[in-house]
Structures are given as C-alpha cells and as structure tokens.
Amino acid sequence: MFEAEVRRAPFDVAAAHARLSALGPGVGAVVLFTGQVRDEPLFLEHYPGMAERQMAARIAEARARWPLLGALAIHRFGALDVGELIVLVGTASAHRAAAFESAAFLMDWLKTSAPFWKRGRAGWVEARASDDAAARRWLPSKGEG
Amino acid sequence: MTVRLLYFAWVREMVGAEAEQLPLAEPLPLGELVARLRARSEGHARALAEPARLRAAVNQDFAGWDALVRPGDEVALFPPVTGG
Amino acid sequence: MFEAEVRRAPFDVAAAHARLSALGPGVGAVVLFTGQVRDEPLFLEHYPGMAERQMAARIAEARARWPLLGALAIHRFGALDVGELIVLVGTASAHRAAAFESAAFLMDWLKTSAPFWKRGRAGWVEARASDDAAARRWLPSKGEG
Amino acid sequence: MTVRLLYFAWVREMVGAEAEQLPLAEPLPLGELVARLRARSEGHARALAEPARLRAAVNQDFAGWDALVRPGDEVALFPPVTGG
C-alpha cells in the first residue's frame, strides 16, 4: 500500500494506522507523523495535479531507499483552524529504523517539494531555510550532516 | 501553439490571474519566457521581478530557469512552497 | 502530558494520538511509533515496577533534551499474537524535528533499558547488538554517528 | 537483614524461582553477591555462570558488578532486555 492523497476534508488517523499495521505478518514497526495548524488559522492553497504527483514521487523514492511494506501521505488544503491536522505521513516496515527514517525523509521532502502555500493573518507564510537544509541532509552526496 | 501558465499564492495575486495562455511557436528557455511575461502588465512585472524569489514547474515537475519550454507545455510560477 | 504505562490489555492508537494532538495551540507536530508482533506469536515477560520506572526515566530524559509538549510510552506484556501492538511511543512538539528525534530516542532507549523479555517458539529472543548501537548514537560523547 | 532477589526470563527458569531472599549483614559488591548465589544450587550455578550474559538492577536501576548491594536492597538478575 503506497498512496498519496490531496483532500479538503479531514482524514482519519486511526484508519491510516490500521491500514499500515495490517499490511501482513512482516510488519514490525509503523511510524505516523501528523502536522497540525499551530497558533493561528491558516488557508492552504495548492497546485492540483502537481501536488499528488510530487507526493507520489517522494513515496516512490522512499520505497526505493528503505525496505518498506507501505507508505502513505495525505495533505489537506483550504481553510484550517488551529489544532486541525494538515498532513499525515505514515510508513510500515519490519524494523523501526526504516520506518522512522523514511517518515522523516517523506516529511522533509514534502515540505520543500509539495506545491502547497500557507496564508496566515499576516499574509503568505515565508519559506524557511531550515526546511531546505532538512531536505538536503537526505542527498547522497552530502551525507547525514 | 500556446503555453498554459499557472500562478499560485502571492504570484497569482500580483499577476491578477490564476491561469493564462502565452503563444509560443518554438522552444524557449524558461528564463526568457518569464522575461516576456513581465511585459504583459504592471502586475506581471512586479510579481516576476525577482526570479530568486520564485520557483517554477514545467509539466508539474520543478524546473530551472534554463529549462526549455515547448509549445503545449504547462508552466507554473509560484513562491517557494510552505506546506506540510 | 508525560506518561509511561505498562499494561496487559490492548491500547488505543487513536486515543493516544488525540491526546497528544490536543495539548494546546502550540502543537504543530505529533509522531507516533508503534511496534507490533512480527512473524510468530510472542510472550512478553516484564519486571513490574522497574519497567514503569525506566520508561518514565527515558521520557524525563527526552523532555530535558527536546522542547516537547507531551510524550507517551505504553508497553504491553503477556501473550501477543502476530499483528498485535506491543509498544507505542508518541511525542508532540511545535516542530517536526523535535517530535521525530525524541520518538526515535525513546524507542532506541526503551529497547535497551526497559525490562521486557520476548519468548518465541524457539525460546527466549536474543538481544541484538544493533539495538545497543542504536541507543549509543544518542550519547552526547559519541555524537550522532 | 536480607536482600530480595528477583530473576527474569531464562535466568528465572534456570534458577527455578522468580524471587528469593539472601541474608546480608553488610554491603557487598554485586559481583561477589552473584558468586555467593552460584553456590545455592546447580540451577543457580548454571544461570549465573557467565556474568557477561547477564544484566543486573539494584533497586530497579541498572547496576554494574562493582555496585555495592546493601541490606534491604532489591536485586534483579536477568538477560539483556528484548522488549519494544
């Protein structure tokens, strides 16, 4: 089960976990990351088509890099209140290292390559250099530094 | 032949449109295409003034300013992404 | 909300996520790890008292090390079938790096310091050197290597 | 005064008990306490033969073989942990 989904409606964390957990007797570890609206309501604009395409591409990269039994990425758009979930990334593997690392990889790369833009009360949110740095640490030429 | 142009976030707001068409007869580097677009309106000029503040995609993949845009392509211009 | 729990009965992943997610408007990231029985049924023996104590100590260490808004560790004991959840670690923070790192830290240290022992069909499971190595990478003197 | 002893996993099985008492009048290094325990039975001798295969806790914290055990302490002997 390798899936990317872009949607306006809320998603179900328990269902995502259950799907990853049920991928067979080889699953020993599931990691779920969820990102949620912090401090003030947000509006999320996205590029339909490219968003799904980039998320699916990151999942394919993670799958090539770690021995995954499943990976899931869900990203919402539209108006979201404080505390609402924006994004979910989930991975399933035999062992925890692959599940943790691939989930962190997926989030770091979604942050810098999935075409979503946040607007808060003060206007469009600026991209952060720390997000580019987080993604770059996964490039083979640069190592994990 | 044309190129389909898409704008997002503050680029969309400054340009004043979310999509438009640009006539294109033959391949053109993305940077030159953006230079042409600046002449369309004051909004275009302002939104596209600083390529360093922009990112671009050609056919839904990220592309650099030297990438060749071909007639029929979909080109999107937007700020660095801030989702997740 | 910083809690460690040892129990025989199944636990509720959705409830754990909901509690971490609801820790206030400052929460931007929640990471959940779950470990489950792989390949063959297991029996888990534990040292009551020390298990809770060690898990709580690891949570206190994580809290001192990362800016966490909450952390949760739940570990089951007794007879568990293939696919059943054994352990859950969850963390909540403003940003994803702290949530990911502290959850990985907690799992690595629970693996080597929480007094649980697995017995499978072939007898008691042997400890793995790779688990010791995973825990050691968090020691300040050794760095992240 | 006594020390409360606890055994887990295959140590418990080999010793043939999950808990027992050891009389102790004054502090003793954990390694010497284990040496004394080996004399209790063949099972003890076998279970505790190789300290490198064992881990120990004194009062529910991990302890090395040179740690001092005091009358009234709780001492646990077990294999390296394999939970998680």
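All chains are identified by letter, namely A, B, C and D, in their written order; residue positions are counted from 1 within each chain.
FYI, a contact is a pair of C-beta atoms (placed from the backbone, for glycine too) under 8 Å apart; a residue touches a chain by one contact, two chains touch by 3 or more.
If you're wondering where the values come from, they're calculated on a predicted model, not measured in any experiment.
Common neighbours of chain B and chain D: there are none.
Inter-chain spacing, taken between the CA centroids of chain A and chain B, is 26 Å.
For the pair chain A and chain D, the distance between mean C-alpha positions equals 47 Å.
Centre-to-centre separation of chain A and chain C, using mean CA positions: 22 Å. For chain B, residues touching at least two other chains, in rising order: 84.
Counting only residues that touch two or more partner chains, chain A has 35, 96, 107.
Taken chain by chain, the contacts run in an open path, each chain touching the next and the two ends left apart. Listed by chain label, the pairs that touch are A-B, A-C, C-D. On chain A, the positions that touch chain B within their shared complex are 35, 44-47, 49-50, 53-54, 75, 86-87, 107, 110-119, 123-127, 131.
Contact residues on chain B toward chain A in their complex (touch as defined above): 6, 8-10, 12, 57, 60-62, 76, 78-84. Looking at the complex, you find that chain C touches chain A at residues 13-14, 17-18, 21-22, 25-39, 82-83, 85, 94, 96-97, 99-100, 103-104, 107, 134, 144.
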